[in-house]
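One chain, chain A, appears in both complexes that follow, with chain B as partner in the first and chain C in the second.
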Partner chain A sequence: MAGRRAFDEVWGSDNDRAGRPEFAELAQWITETPATELDRRQKAAEAAFRQLGITFAVYGEEEAAERIIPFDIVPRIFTGREWAKLSEGLVQRVEAINAFLADVYGERRILADGVLPAELILGNPQFRAMLSGTRPPHGIYAHICGIDLVRTGPDEFWVLEDNARTPSGVSYMLENREAMLRLCPELFEKFPVRPVDGYPDALHETLRSVTPRTSSDPVCVILTPGHYNSAFYEHSFLADQIGIELVEAADLEVDDDIVWMKTIDGRVRVDVIYRRIDDDYIDPLVFKPDSLLGVPGLIAAYMAGNVTLVNAPGTGIADDKAIYSYMPEIVKYYSGGEAKLPNVETYRCREPQALKYVLDNLEQLVVKLVDGSGGYGMLVGPTATKQQIEDFRAALIAEPYRYIAQPTLALSTVPTLTEAGVAPRHVDFRPFVLSGANGVTIIPGGLTRVALKEGSLVVNSSQGGGTKDSLILADGPGGGRL
Partner chain B sequence: MLSRTAASLYWLGRYVERAEFTARLIEATLRLDSLSPRPAGAGAWASALSVAGGEEGFAATGDALTAPNVARYLTLSRENPSSIRSCLDMARMNAKSVRTALSREAWEAINRAWLGLRDRSTTGGSQSTLSLAEAIKAEARGFEGALHRMLRNESNWFIRLGMAIERGDNTARLTDVKYHLLLPEGEKIGGPIDRDQWTTILHTVSAVTAYRWLYREGLKPWLVAELLIKRSELPRSMAASADETVNLLNLLGKRTGLQGEADRLARRRQSAISAVTTDRIFAQGLHEYLTEFVSENVRLDQAIAKQFRF
Partner chain C sequence: MRLYVHHLTEYRFSEPQARLVQLLRLTPESFIGQNVVDWRIDVDCNARLRSGRDGYGNETTMLYVDGPIDRISITVNGSVLTENKAGMVQGATETLPPLLYMQSTRLTTADEAIIDFARGIEAEGNDALDRMHLLMGALHERLTFDPGRRDATRTAIETFSESHGVCQDFAHVFVAAARAIGIPARYVSGHFYRDDGAALQEAAHAWAEAHIPDYGWIAFDASHDHCPDDRYIRVAIGLDYRDAAPLSGSRIGGGVEELDVGVRVGLSQSQTQG
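Entry: the complex of A and B
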């Protein structure tokens, strides 16, 4: 970060911590609550999470390695005005994503009009050519999106990633809030916080709205890879909150293109499957043949229009990192206006000029694998070792099309409890956007991830990140207060 | 309800019950051990292994038959599929995969018991083994308490069905291993060792006080046998387990409309137990009677799996 001080959402950018006036009350709460008391509350929250089993498994570690994601007791706050602006941008973006998916799996107008290079779509492993011409029930592809946002200043928000496959983390939004309500009730007296607990109902409504059979009460289920999956807690939590069955592949069977679940009363027809299994593993007859997690025949049932898959197969083409850099054009193409939420400037290493720039400036850039996730396969130039930079240089020259690069952003910080008291740490933000037959719904909240290591920009839970509650404030009477 | 969910709930019940039974077995054996003059102590542990069905497994470890070794084998050993740790691993795995069917409290009781054992590597001395057993019993009680506050629906009934089937099996095996005590032949009985052994049996099924209430006389081996087999007032008797199995299958049948072979077997067992007299059991052979009960229990278990499409 080369000495530049990042924007702090509570304390502002000044070194004297004069702060932003609208957050004076929160700053005061941080100052007045002793660090030992904050620490006590934080430990209480983490103990509760462990008892509840809100854990995730770390891939590559022993099977028994179940960890809780560190929880930070100092919340992050968005004003009603900030949220209103973000929401508008999110709705526009997600509507564009769904229009884009319907187009590339349908008429391909955007390719005919030359907005995107056709080979970028048609030659992309995330593009499921066999699904061309299959229109999902109600025409919606990405029912649940988790759009990752970062911030660099009071009014500067950027989209870092569009997660349009099976974004996770919403259980933390809900459980973190429960913990905060229990442990810091005074904050909710000070601030008019909008509730997030409507999410399970909103999700259920979204699932029900996209049923292929309108003649009967839709049967919705959540399909999990099983309890060894790192996000299993979230799958069971959501099923529990919504009150629908949590099924594994072995609980489902496809017969004559109809999906059934096996119950003690016999077979029950399934209408909507919120699947938390990636496309590659969802149907061994179509994708990876050795997948034991999948349901043979599921894709055929989907293509026959007998079951809705949430999200639809093939949505990976919309959040692919190679497509990402075209998102401003895509949003403009379908919405007719400029994107309200800007992209981070992105160099496509497949383009020779961009590659040259990237190779010349590796120390200042973040380089990402187009098909990587979870913070793996990523170079953060300013904090990388010489060796890491040279390794990436070699990889870039060998396979430039596999990489994109972005400038290192001065991500905003939020006061966070550390061993040395409360100090600024970098954060990002993932709100969850639901798209059903009746339109787009956004619950006022989201997942704030925080890089707990001083100066670190990597917020992924697999790489030592933690989470915080994100409080969205209601505007006071007259819309004025905050 | 998913068939897999029903199966997991049923096995959750069985494993929790087995873990608790083993904890009580260890507790009672420690007590017997400290009461007995050596070398009667080693016999107590050999017998405990036999009740838990772990003789061969323990022999395979090559460890000497000592109190700490057996206590460790029965509580913490990963090689022993019926150790308390293995039972809690299995119970938690089943609970985790069906969390949606459990209340938060019920899940937390299982998870707490599992967390409590997770990092234990030794049982320590008798005192700490005892407190470990006590902790397991407390969590099992907590789990049963949570069950009582769960919705009265299939989830609840499948767990309790698993517990009832497991409990019948445990009590029958316990009685079988100790049957030579209950049917002494020729030798002088009623000495201090025998009294301690009978008391141990009663301790294992938490029935010391119950015996006093029901019989109001000194410990008589045939009365101990009667209590364990026939007295349905005692929750851990075979008769009580048979009653509970019938009742739970009834509730499940009413809710799901599924009745069949399991109900028939369970009802037949219930009426047989209530009709038989202890004299007749002894005349036909206690060991044979108990062995038949255990096999019948296995058939019932299989019929349940079939009936509910596990």
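Entry: the complex of A and C
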């Protein structure tokens, strides 16, 4: 672990906890609210979440237990100035991701221009060759992106991961805020917090805007793999909030390259499907043949331009970890300017020199599978056992192209309620970026994930991470409040 | 040569099916040495057909049938003028760069045994073209044609270790081995006129194409040990069988299905009639 204490977003870097002046009021709230009271409120919030059924399944455990994600009562705050800067970077990045997808499934100019190695795209299983040449309605591929950001200092934000397939977690942004408004109303009197409850409407507007048929009122649905899926709560929550149907594969059928929803009143034509099923399982005719989750003919309907899939199939090529390391070049290529949000330095183990460096420095690095997610298949060098390091060494030597490595960042901390009182814990942040026919929308908020174990840098819920509310303040660039 | 094709696919279901949705890749395109004179797909029940084109450039047909249905037959009749181009594929639709066809799939992954085998051929051959001819001959010798073992999910690794298979399996091993030594290769489905008198074939044919510097795509048929000539009709391509299969189907209903395929390729229309 880095010897120096990590930057704390409220208390600053100093050990005397003098803190950052813009957060003095929050620091004071933390100090003045007794820990027992914070604990009581936190338990009340968690009880409510359990009641609502906001649970998730942990994969890879003996019994796939349904759990709630721990909630932390101490919120995280971004100033208006910080948010404005982040938003700019996010818009630039997501616009570049969509331009990149349109290009690799279209003309492939970026390969012709030699900006990135052609085999990285063409040799990547995430590149769906059979969809090459298909342009989705309105030309948008990644309608919903969850960009994972980490922070190492007052003005130092980094993109850790681009989630351009079916990012989840937005229900926590909304439910955490509900809980905070109810349990800590005084905070919302102290701070001019921008609301997040416009997200369902913004999402609905985004879905409606990308309809393939502009002549009629678009019918949008959410397609879920079913209630065994770890994010099922979110699927049903969003359908409920937006006021659209939640459907499973058996509720849809494709006829004449058109998608229909079966209802008791007959068939209804579907225009836009917000699908929370991975590409591999979405259509057994084209992808995994034994998938029961998919809708036969869905890809044909998509290729014929008769339905919009949100996100489009094939977007996995944009958030592949092997592509990630080229994102600064990709952003520059399509936006014409330097990336406003930097990447974390990344060693591509497919390159012999990088591999040598990684093998020599495993104890200091974080090693990730290029096609892994959710904190699975990951080595955090500084906290790993000797055995784990040796296992990864063997795996890296056997299949180096499957891995990337990054330096262990001193992730920022935020005061968090622990058994020993309020103490700093490492966090990351996932804002949700919507891209529709009328441009990019970002609701001022996101999902803050917190590593509840002291010193831990792994924030994934599957690895024991929790969540916090993320308050974006309505102050202008100069710090003046609205 | 003018080839007539009659390709019949018949499904029978033990229980009536509520719906049937099929993706067909049954229609060849015209290019140098292959001129499609006429071609039609007929279905013996009330069905809706929609044509499209996939990312590989294959012409696709979606077939939608409402149930209840307990059998269906799909018939293709066509004629094609062919010329012997010694396997050279020229003027066909090319949508993707050759590099794409270095990507291995579940059906075309090479294991140590296939890699060793391919390296042996690499050492023996003078150049890519020579090596692909050697590979075709070596696979023809090593693998036994075994029509009793038709299994669409069989991988190149299984075929190579068991040393027998059908044309589709030969093609998968060829593709896996070629890619293992850095030569882009792809799967081809199509038809073959057997001049040995065997008129009725149990399935459509399959072979492979390899991308050779200075030549482009060249076809190799390891199950017959020659480069496809004017006896071949090329229908669809892809990374493996899954991408190029004549039919990918899905049905809504229980029970089991029985599949019958009959292909006749002949030199006159009368030869291809039932």
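Rule of thumb we're sticking to: the second predicted complex is superposed on the first by the 470 of 482 C-alpha atoms of A that agree within 3 Å, B and C clash if a C-alpha of one lies under 4 Å from a C-alpha of the other, contacts with A are read in each partner's own complex, and residues count from 1 in each chain.
FYI, a contact is a pair of C-beta atoms (placed from the backbone, for glycine too) under 8 Å apart; a residue touches a chain by one contact, two chains touch by 3 or more.
Bear in mind the structure is a predicted one, so any value in this text is a computation, not a measurement.
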Three-chain arrangement built on chain A, chain B and chain C clash or fit: fit
Once the two complexes are aligned on chain A, which partner has more residues of chain A within touching range, chain B or chain C? C
Would you check which partner chain A:Ala24 touches, where first means chain B only, second means chain C only, and both and neither mean what they say? neither
Return first, second, both or neither, reflecting whether A:Ile397 touches chain B, chain C, both chains, or no partner chain. neither
Using the superposition on chain A described above, determine whether A:Pro289 touches chain B (first), chain C (second), both, or neither. second
From chain A, separation angle of chain B and chain C (C-alpha centres, steps of 10 degrees): 90
Does chain B (first) or chain C (second) touch A:Glu253, or do both, or does neither? second
Between chain B (first) and chain C (second), which does A:Ile264 come into contact with in this model arrangement: first, second, both, or neither? first
So after superposition, what is the minimum Cα distance from chain B to chain C, given in Å? 13
Residue numbers on chain A that touch chain B, as the complex places them: 50-53, 226-227, 232, 236-237, 239-240, 245-248, 250-251, 261-266
In the complex, go through chain C and note every residue touching chain A. 19, 21-23, 48, 50, 52-56, 60, 62, 64, 95-97, 99-100, 102-103, 105, 238-239, 242-243, 248-250, 252
Of chain B, residues touching chain A in the complex: 1-6, 93, 96-97, 99-100, 104, 107-108, 111-112, 115, 154, 256-258, 308-309
Quick one: in the complex, what on chain A touches chain C? 108, 111, 118-119, 122-125, 127-134, 253-257, 284-286, 289, 296-297, 300, 303-304
